[in-house]
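Two complexes follow with subunit A in common, the first pairing it with subunit B and the second with subunit C.
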Partner chain A sequence: MNAIFCLSGIVIKELYRRKDFYVLFVITAVITLMMGTVNFFHQSGIVRYLKDICLLLIWFSSLVIAIVTAARQIPAERESRTIFPLLAKPVSRWQVVAGKFAGCWLACGLALAVFYLFFGAVCGAREGRLMPAQYLQAFWLQWGMLAVVISMALLGSVVFSAPSANVTICFVVVVGILIVGAYLQKLAALQPPLTGCLLTLLYFSIPHLEWFYAVRERLIFDQDLIGWGDCVLATAYAAAYAGLFLCAAWLVFRRKPLAA
Partner chain B sequence: MRVQAETTATQPAPRVRAARNAVIQIQGLVVEYPGRGFGQSPTVAVKGLDLEIYAGEAFGFLGPNGAGKTSTLHVLLGFQPPTRGAAFINGLDVREPIARQRIGYLPEMTSYYKFLTAEELLRFYGRLFRIGRADLESRIDSLLKLVDLDGARKRLIKTYSKGMQQRIGLAQALINNPDLLILDEPTSGLDPLGRMKVREIIERLKSEGRTVLFSSHELGEVETVCDRIAIIQRGELKVVGRVADLVGEYQMDLERIFLKIIGYTSPPQP
Partner chain C sequence: MKLSPALVLALLLTVQLCVATALRPRARAWTKGRDSDRLMQVLLGDSRQILANQMFVQADVYFHSGYYPSVFDQVHAPTNAQHMTLAADPQAAHEPEGDAHAGDHHEEQEHEKAMNFLGPPANWLERFGRKFAITSHTHLANGREREILPWLRLSAALDPHRIETYTVAAYWLRQDLGKAKEAEAFLREGLSANPTSYEILLDLGRLYYENYHNAARAGNVWEAALRRWLQQESGKPKPNLAALGQITVRLARLEESEGHYAKAVELLELALARKASPNPEPLEGKVRALRLKQAGQAQPR
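Take a look at the complex of A and B:
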């Protein structure tokens, strides 16, 4: 565990010493603040749409941070040859994968927490009430979903040699799942048997990130909390997929030549 | 082929002979890399290498480019699994991470995390060895002084010159107070002062009874520093023995011995 903690600390340090994170954070913060303070058309009901846009922005920003950070972890180590002094220490490759995952996940969690705090404060000021439990639940479930995305990007980073290809593929896959993931089964019913079978197989094998995305609607429409039992199940679902992707990443990385 | 595994002419130095426990054992090592294209035969980098390196000696591992030196070092460090054969460090299989607990490694032409300062980098590597906080801090202080980077300890590594990066590399290789130091081209890219500094550090480690495995093209340096050498060519061990014995036997300096062994013949004079 010691090596995993050390490695995750380095990942977090790297993220918070890079300028691109701050640029993304400042843009998100400024847009959220503007949306929160401007009273469009003198309509109080419009706050719902503003929350929708701000949450979409938070989702997009956190996905960008998660994918971009995770996708370049191992390729950057190989490219800059920092992997050699690292693996010359008593560190195994599964610890490298686990440490990189933990670092990316914690770093994204910190960024996400700041986004949610900021968003919550702006919405609270605008609506005159705070909903900490709702925000906490939304944060937790989104963070769980990011665990799946990060582990997927880490797997991609040991499969594809170019980080840019991995980032593009991860974005396409994640956005694809978010948009059409829920409709795959319905689509399968309209297809010829073979295609339908393949689509059904795909539906049951992909991680359904859109289930986590649905939680933002509860914040927008001021709905009640999701049951805590369902929340635990969703967490277990995310943990299972993240574990699966991490195992696959380790299996690939285990025998991967280190030279870039 | 002229392989001499410590035979009559190549007896190790008395100090080494007194401690014949092999720190590194390489047995029938074969390293193959898969062919890049479809149907291409694999590239054999190391062909059945047998070698032992003993405690307390400075051992030079020589060979022309592409001879298989780096592949062998990569197997010893667990970067590359052996295709066949085995390698052990202090009796532990090199594929086990614990075998690297008492090793220091300075890679050739590497860079370190540029977003860290020198002391943060050493702290990170030190923690991987589970060194206690107080011990680690005092070790960081002494190592930064040793490599003349004490004044630049708070500077980010991205601002370091190449020589400074090589020196921080040496410091990270020594952070765990290693029994075995593996140096891959340690003086590559260093100015004469930097080379002298590295040589002094290796001499000091030797005098402390540590084992140093040294891969270099600087044969003059190898001749000065190493007790024994091995020359490898196209993955095969050509010669292994004491530097003094080889120089005595061939009646020439190490550079000429090296060229003779790898089969270099100078072009005829016009």
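Take a look at the complex of A and C:
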């Protein structure tokens, strides 16, 4: 366990040494604040468009941080050949995978917390009220969703030859799920039997990340809280998929030659 | 003579400043102050209309607080913007003549039916997923309608020829948000981009009548609207009868208040002849009442 925490600590340090988070945060803050200064028909109290834009940027930024950070972890260790002294500590391969995942997930959580603090500050300033329970729920579910994305990117990093290919594929898959994930079964009903069967199979096998994205809309449109029981179930759902991808990553990494 | 480079630089800067101040007003005239329009035209071309439509749909999404059919449920998507103004129109409920608003209740029912697009969940995954999504059909109310304004503003900037953008935004601005001046300015902006639009003139007349209580000006604007309607819609196989109904009934009411019963009858008969109201009985009753008033007016005292 200690080895896993040590490895995750290195990943967290890497996040705050690199400029990705700072750049994305500054872009999010600047765009949000600039949009906040726009005057529409001299009407005060218009806030939903601002929440929409800010949350969209937060989602985009968190996905970039999660995928890019996770996708380069193992390839970078292999390329710089630091993987050899690391595994000679002794640290087993599953500990490397688990440590890298924990580090990426915690680092994303830290970044996400800063983003949500900013979002809360913007909402508080514009609306004159705060909805901490809603923010907490949205933060938690988004963080849970990022666990799935990070584990997927880690699996990709041991399967694909280059981090760039992995990043691109992960983005395509995640955005694809967010856009059509919920409608695969509707599409299946319109297809010939074989294609329809495959689409149905896909519908039941993919992680439904769009559920977590829907929480963003609930936050924009001031909807009631989701039941905490449902949040726990969604967390368990995300944890199951993250575990599945991590197991797959470990299985592939276990037999992978380390020489780049 | 040896010139100092610093002096030359200062001279050039001064000349540049003088020329810039002289040219700037002329350059504005060359582009007629529509730099941003031209820039968007160059950058986006005809895709501006698609984007403007998307912005208008986004306003509709906001109006429904996020409950809206996706691209995969397009058969249920609202086909016009009428539901964005009829739902909370208090005037509609009190129209005595049963004008074009008589169909509003029916439209509302149709809209409710169309927006029931979710249906029962097909499986346990969908059932669980719905716990996170917005699943109830509501419309913005109590001043919250202001949230749709940014998207309508953007839609108008992208496509100034989309009439509904102006009428929907102006409706909420003057009706619930108390921004009659802003509504007028936006309608006038729409009118300058669409000088033949009878819809914008109809709304401008409503603004003068209901918000500024200027019946004379409202009458003039509605008359212009009627002329434009007759010019544009008369020959069409499916003319916009709802607009004709609203224009004629409002004009008739004005004429009646001024004692011009013959003119009022003429206008209502035009609406009846064109079948502008789905429920003609109240209009016919009004015509009969006006004729009686007209006969009473004609009799010598």
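Note that the second predicted complex is superposed on the first by the 251 of 260 C-alpha atoms of A that agree within 3 Å, B and C clash if a C-alpha of one lies under 4 Å from a C-alpha of the other, contacts with A are read in each partner's own complex, and residues count from 1 in each chain.
Assume a residue touches a chain if its C-beta (ideal position, glycine included) is under 8 Å from a C-beta of that chain, and two chains touch if they have at least 3 such contacts.
Remember, predicted model here, so these are calculated numbers, not experimental data.
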Looking at the overlay on subunit A, is there a clash between subunit B and subunit C, or do the two fit?
-> fit
State whether A:Ala3 touches subunit B only (first), subunit C only (second), both chains, or neither.
-> first
Dominant toucher of subunit A (residue count), subunit B or subunit C | C
Name the contact category of A:Pro90: first (subunit B only), second (subunit C only), both, or neither.
-> first
Which superposed partner A:Ala214 touches (first subunit B, second subunit C, both, neither) | second
Which superposed partner A:Ile46 touches (first subunit B, second subunit C, both, neither) | second
Name the contact category of A:Gln223: first (subunit B only), second (subunit C only), both, or neither.
-> second
Lowest inter-chain C-alpha distance for subunit C and subunit B in the superposed arrangement, angstrom | 41
On subunit A, the footprints of subunit B and subunit C overlap at residues none
Residue numbers on subunit A that touch subunit B, as the complex places them = 2-3, 6, 9-10, 13-14, 17-18, 80-82, 84-92, 95, 255, 257-258
As the complex stands, subunit B meets subunit A at residues 33, 74, 77-81, 97-98, 100-101, 103, 105, 107, 109-116, 120, 124-125, 127-130, 169, 172-173, 176, 182
Can you check the complex and tell me which residues of subunit C touch subunit A?
-> 62, 65-66, 70, 72, 122-123, 125-126, 128-129, 131-134, 143, 146-147, 149-151, 153, 169, 173, 177, 179, 182, 186
Which residues of subunit A touch subunit C in the complex?
-> 38, 40-43, 45-49, 141, 180, 182-183, 185-187, 203-204, 208, 210-212, 214-215, 217-218, 220-223, 226-227, 230, 233-234
